[in-house]
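Look at the two complexes coming up: subunit A is in both, with subunit B in one and subunit C in the other.
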Partner chain A sequence: MSQQASMRWIGARVPKLDAPWKASGEVRYLPDFVVGGMLHGKIRRSDRVHARVKSIDTSAAKKVPGVHVVLTAKDVENVAFGHGKDNTPFKGDVVRCIRDELAAVAADTEEAAEEACRLIRVEYEDLPALFDPRAALERGAPVIYPEWPDNKPFTYRYAHGDVKKAAAESAHVVEDEFDLTWVSHCCMGTSAIIAAFDTGGRLTLNSLTQVPFLYRRDMAAIVGMKPEDIRVIQPTIGGAFGSKLDIYPFEPIAVHLARAARRPVRIVFSRQEEFLASPTRQPAIIKLKSGCDARGRFTFRDAYVLLDNGGHTSWGATIPFVMMQTFSSLYRVPHVRFLTDVAYTNNPYSGSFRGYGNLQATFAIEQHVDRLAEKTGLDPLKMRLLNAQEPGEETGQGLKFVSCGLRDCLDSAAKRSRYEEKRAAKKGESGRRVKRGLGMASMLHVGGGAKIYRSDGCGSVLSIDDFGKVTLVTGSTDIGQGSETVLAQIVAEVLGVHLDRVKVVNSDTDVKPWDVGVHASRTSYVAGNSAMMAATQAREKLLKAAAEQHRLPVEELSLADNAVMHTPKSGVAKKLEPIDRLVRSLHFSDRAELLITQAYFEPGSVKQDKEFRGNVSPTYAFGTHVVEVEVELDTGLVKVLGVWAAHDVGKVLNALGIEGQIEGGVVMGLGYALTEQLKIERGKVLNPAFRDYHLLTAPEVPPIDCDYIETEDPTGPFGAKGVGEAPAICVAAAIANAVYDATGVRFTALPLTPERVLDGLIAAGVTKDVGAR
Partner chain B sequence: MTTSYLRPTTLDEALAALATTPTARVLAGGTDWMIPARAGAVPDALINIFRVEQLRSIRRTGDALELGACVTVAQLLKSKDVLQAAPVLWKAADRFASPLVRSRATLGGNLCNASPAADLSLALLACDATVTLASKGGRRSLTVEELVLGPRKTALGPGELLVGVRVPIRAGQVSRFEKSGPRPALEISAAAVAFTATVEGGRLTGVRIACGAVAPVPMRAKKAEALVEGRALDPALIEAAVEAAAGEVTPIDDVRATARYRRRLVAAYVRRCLEACTDDRRLHAAAS
Partner chain C sequence: MQPQVEIRFTLNHRVVTAAVPPTMALLELVRDRFQLTGAKLGCGEGECGACALLMDGEPVLGCLTPAVDADGREVLTAEGLCGAKGLSPLQQAFVNEGAVQCGYCTPGMEIAAEAVLLEHPTPTVEEIRRGLEGNLCRCTGYVAIVEAVQAAAGGGR
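Here is the complex of A and B:
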């Protein structure tokens, strides 16, 4: 279809369609659901980090009034699952981390279930434990899984060019070790599920999963069912951010409890449980060596990454897929080597989290850009512009940048923040006890999904009923990012109908067509393209029918204002017929035709080969952030004064929605940079509460100013690319660069808590210590 | 399980109830108490004093500010009298928790919970406040130091209730309240300093330097106070006082901060407080 110059819905500021219901509290989240006869499930977890389980005594638990069933590994077929096939619903012989599930109870009330869990007696025999991935790889280290005597279940190796030669020929080389720790997703809604069997033996799951179809398949294998006998319903999700991309033990446990009790079972995590037993962002140790020539052009990058896999494998172990793209392709670097080892320990394990390894990689790379700039005598902005990617580039790893607005992002963020001017003037305006600084960082991320399965596609079914109401049934999932609204906008735009005529259905696997799930910033792009295809077909059908009925050339017809419009060759557009009447005339005529279309969109990306080469996404998102900070030299407190972001988003689909995505992502990045840390010592979580796990609150959030670079990607719906993960990615790197600019001290570990910063300032002699006693 | 729950509306009723059940737990705003209670530490008997009107008043007499035990942090922040007569207490309230907690958290609860990190207790220590305890048998007055004996330990006897706080008004007083970040509020202090003094002709008198979260109880840095008392400040003297304060606190490591960092914070805060007294502009700010 031809793109109209002025669009009604695309680019408008549209509040999320479910916003009124969320604001009024009418939306029912999973913990609000009550199913008839439902029991409450609770899980008894390990008290030890690594131990042989000698016995589990459930006799007292079974006697608690109201308890229906108590299950342990002995009572179920305990099928292994997950990316490493090393997780099971219950742990029978050995516990390998503090969250490990030993038993579960279903009872009439939560209190009874909790009481029963407390009464379960477990006898352990402690085993030597590992808490440091470096120690795990040492010779003679305790072995966590006999199948992996070296504690190393995965390695990733990628290279292009000749790093050794390039290193020798570089004018400047910098080397550092970066240390990134655990953080939690902190979803407002905690993990939850309801499992219910019907008389026919079919299982209905009310689940918060981000990947309903993969989930159905995985769940079927774990609980011994056929996937088609499982229906997944996704109620409104109170935040996911990647945390619900994998299946976790509590979910099959709910099914086992429901099956054993012959009653529906609901499990809802307490907040403490959420901190202890939901996945975290993957910690990483990154040893990075980078070089450039005398003019500042990057020559090589050599990275060794060590990932702490914890006691079991979830998606955290696969972040190298994303990390290596940033190492290989964020800038033009002719020689790159990337090696990652993944090591088992007895720490909690990590999953997927907005950015998927990219926050970690970008933190290292973007600090090295600044370090090399300093060595070369270039301004960090110039250094980035010199090495920036451009449209048309195919990188060493085979990523193809059809559209690329990185240069514009750099220019825009620098200009709006007055980056160069302020950095030049800064020395003068700093106070004695407070120093100001500016820092910059850029990012690259997939912008249209990532083909890690055979298909990265999404199906849509669109129908227009006899009152002109449009229903889009999409395979995709909305986890609060607002994709439902964006899809409705796309459909409304193509069909020329008002947004309130469009309903999006996306929450039931019995109804919706296949989709991979919500991850890799793919939904607006992939599901958007799919919806657009279905809508375009419907549009063509409508126009064709109208042309036939009114005996007019189809080229003179268009859709707008819920109607078919006629624009004669020489003349102004006139309303020809309302869409609903046209649809009725199709339904209730001798044509007896329903207006239903379906489409399946498969992006033009490829699955990467064994060397990790290939264009994994059809398009890529770029961005640059500049931050200004103030550092208190006597306390180490870092205050962020402002964030100037610029994002290549292809095209703004929802001006209000994208603002929310950018601001939310920046705040998440700020928390990662400054305050958030799941403190884990000897395998135990020390701060499983919001009192001690510091999220930023509204007063600390600085003004965030974002510019959207509209590169209009030729493959995106109306030119759009994904932006869901992008805004969180380069915040921490920009902050670290700004703190360096302010104080002259580099920080290679996060978060930049006042205590860590003060330690660094004192070690560098910037701040004088008080006499130690 | 709690078997008895009383919600008196007058002080006499409250004291009578407490006399009959001396083991009953007093409940004010509940913002400290609810946390262990939710984890299962529920007492047999509870007496909720939050609705006792007599305990909710703020009164300014000639030379003192009198505050009821159930005055909330939100009330403190709304009171002009508190801002003028006990500015350090107002500043502590301004850095206290979130609006939600402020509307429940009480002065008496902060004192009687006896946390080493209690911000209001710290401010009260810095302004020489006294507290009044009452039981059916009578009343007695204690200083904050006499009331708070250790973590979760107070001098309250069986059947005794903290009913009020008296803050003497000192003319020309300057004050500061410094508390650790990273958040400006909604933060349990890793360290805090409450400071009051009178500055005349460049000399400090009546200096109070109270340090929180760096000892089992909110404590005064008396060595540092003695160093600067009656003297005109200069950089060397300030550094000596800073070193003294950092030396006399006895912090520990915990999940929020290391002892080392807490000591460094005390140094930074004491330095800020004293330096403010040497700078007219900042002095003015500290006095308001």
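Here is the complex of A and C:
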């Protein structure tokens, strides 16, 4: 794709187009608007983690004043859905986790619906329950689904090379078990939906989904409709981060309630419900063995991963797709084996969450890089540089790195943090009870989608009206990350118009063309390329029309300042005609033509084969973080003093937007590393409230410094690649490496709370146990 | 039917009256009766700050403050920060500095920021960060929000 020499919009600090409406308080989110005649829906969930449902008595609930309908599994055709086809809107016979939906009420007020839910009487017969995925795979373990007597619905096997041989020939080998727990997305806006049928039977959903077209198809199957009879409108979303990538039971329940009540129904989760019944980040147990030769070159990696699937399957079960890429391809490793088992338990289930398994994988891998570096006698920075991927590399898994800025990321993060100087200086401070340490970690992630469906494309329709206003109708979705603004910048740049002339329409499946959805850091790349194609066609049409009308060679024409410019062979550019006048001359003439173009961009990636080989994304994002920490040996408190990040972003499209993505992602990674944990014991969530779930607050955020490595990927729009997920991925690994550097103690589980760190320091003999706790 | 209490207060520079049950939260009153939906119900427990409102220049949590407490007071929501010409300098700084992503926390965050600036017209970074401590944001990592408050303090006030 052609690039212009000097760019007005690409790379600029452009405030988000929707920010003024959000800053004014005017924007209405789903809980802020009402549909005429709307009822309020509430869900009655299970009180047990694994039980046979003997009876559900809804008679008292139905008598509550204001209640319109009460539904249970008996009242609807309860169609199975989800990646494992093991979830249903209502659970009729058996409940398998604490969030399971037993009944739902639609009433005039939320209070009446809540009261009715409380009055529903359920009789259970408890069944033996499983809470540990290791126990679930043991012989004779209770069976959660009769169809899966081994409790193992999914396995993933990937390998390249000969791990056994490589292990035997390695100079250094390290082995650890890492244990990653549940965390919650904590979107500030909770899960919500409004379902409304019109009199013709057509369904309109005001939904927060990130994947409107797949959602429409899935929803149609669940509620027994044709997809074309469902319109999905996506109002402003109060955060997503992956949590809205799947369809969850409350959504078809809202449709069932609306259908039964013949009234629109809105469901909005309370915060407690959000913690209990929205997906989490997938927990993982990772047994990893890694080796290198005497010079420090990686020889092999052998990973066994066990995932706790919970009681039903959502996207959490599929994170091995992403994890294995990091195991196989973050560095050059000639021999890799990766095996994953996914085990049913009676815990809540996990979905997709920014990074999609990569935070877990990177936590393990990047600590092993440091451990092998120590064994080899190399500095961790040198170890990484020695093994780093380079542009042009095709990895054992078949990932093709057309552009790759990993080395530059390592150099930049190290240089700006004064990594080598600080690592050397710190040696002299023995005896202090507060220790400083520096750690680094790198990451690899898809940077332009992942071809897991038949198409990973995005459609665009672009029009320029008689007044020169450009409207881009894109299939993609803005979940708050600012994709709408980036797409407008791309269009403005290509068409030489001011950004205020560009409107992006992206929130209605009745209007917009198909797109897979927001995931796999694909929107800037895929929707960006699609918008660029449509804009480029419009530019060509405008220039061709101007050339014909003014009898000038098209090569001498260009677009800038909302006008067609003419640059004679010898001479300066001058304004030939404003774009709006040119559009009108096409419209109100014998040509009778409107300026409308359309494009469908399909990235040059492939669907992987059964052995998970193939170039699943057209481009990949790389990054390195260095963190400096202070650890109080007597309390276990880890204080982060600074984060120096470097990210290969291809090309900065919006300097302001990318800062927000990096800073937000880093802080999300810091929360994962230090404070966040959804505590689940015997299947029950113990801390479903912000006061007990520690999200980082403004005073706790350390200085974050980021450098953007612009590798200008030849396939990206203006060279860009996706960076939405990247900044969260390697934070925890860098922190763990820094804590080790400070204390000499390795931590293989998260979060690194004072309690966990102090226990580790005491166990290692660094801190004396005074028995005060 | 609960007993109703007649209250009279200033809401975003206009005098209003309402009959409210004593158990009603101020957040519910401004959202449901006056359709000022900028303030959000983020948790209902005073932990996230999305419902923050200014009452006589002091930040309060709309979800925990009884509506009757507003009687005789001056209540301001994010919508009320806007002037005749549109966004206030603080709100414009939120836009310009990238302090708004999904935007759900933004109205409450602006109220907390406004309270900081009322107390410290030229705040230090630490004063800003402490002032925003009760407001959660999952998108931005707070960096741009702190910068926006700094920018607003530096100019336009």
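In the analysis below, the second predicted complex is superposed on the first by the 765 of 773 C-alpha atoms of A that agree within 3 Å, B and C clash if a C-alpha of one lies under 4 Å from a C-alpha of the other, contacts with A are read in each partner's own complex, and residues count from 1 in each chain.
Here is the rule we go by: contacts are C-beta pairs under 8 Å (C-beta built on N, C-alpha and C of every residue); 3 or more make two chains touch, one makes a residue touch a chain.
This structure is a prediction, so every number in the text was calculated from the model and none was measured.
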- Message: With both complexes superposed on chain A, which partner does A:Asp769 reach: first (subunit B), second (subunit C), both or neither?
- Response: first
- Message: According to the stated criteria, A:Leu758 is in contact with first (subunit B), second (subunit C), both, or neither; which is it?
- Response: first
- A:Lys679 contacts which: subunit B (first), subunit C (second), both, neither? first
- Examine A:Val473 and indicate which partner it touches, taking first as subunit B and second as subunit C; both and neither are also allowed. neither
- Task: Figure out whether A:Val369 sits in contact with subunit B (first) or subunit C (second), or with both, or with neither.
- Result: neither
- Please indicate which partner A:Gly482 is in contact with in the superposed arrangement: first for subunit B, second for subunit C, both, or neither. second
- With the two structures laid over each other on chain A, which partner does A:Leu406 touch: subunit B (first), subunit C (second), both, or neither? neither
- Message: For A:Val342, using the defined touch cut-off, is the partner it touches subunit B, subunit C, both, or neither? Pick first, second, both or neither.
- Response: neither
- Does subunit B (first) or subunit C (second) touch A:Arg691, or do both, or does neither? both
- Please name the chain, subunit B or subunit C, that touches the greater number of residues in subunit A. C
- Query: Do any residues of subunit A touch both subunit B and subunit C, and if so, which are they?
  - Reply: 691, 697, 699
- Message: Show me the residue ranges of subunit C that touch subunit A in the complex, using the header's touch definition.
- Response: 31, 36-45, 47-48, 50, 77-79, 81-82, 86-87, 91-92, 94-98, 100-107, 110, 126, 128-130, 132-146
- Query: Tell me, which parts of subunit A touch subunit C in their complex?
  - Reply: 13, 15-16, 18-20, 22-29, 31-33, 185-189, 236-241, 270-271, 479-482, 656-657, 659-660, 663-668, 689-691, 695, 697-699, 701, 704
- As the complex stands, subunit B meets subunit A at residues 98, 180-188, 190, 242-243, 246-247, 255-258, 260-261, 263-265, 267-268, 271-272
- Which of the residues in subunit A end up touching subunit B in this complex? 632, 634-635, 637-638, 674-675, 679, 686-687, 691-692, 694, 696-697, 699-700, 753-755, 758-759, 762, 769-773
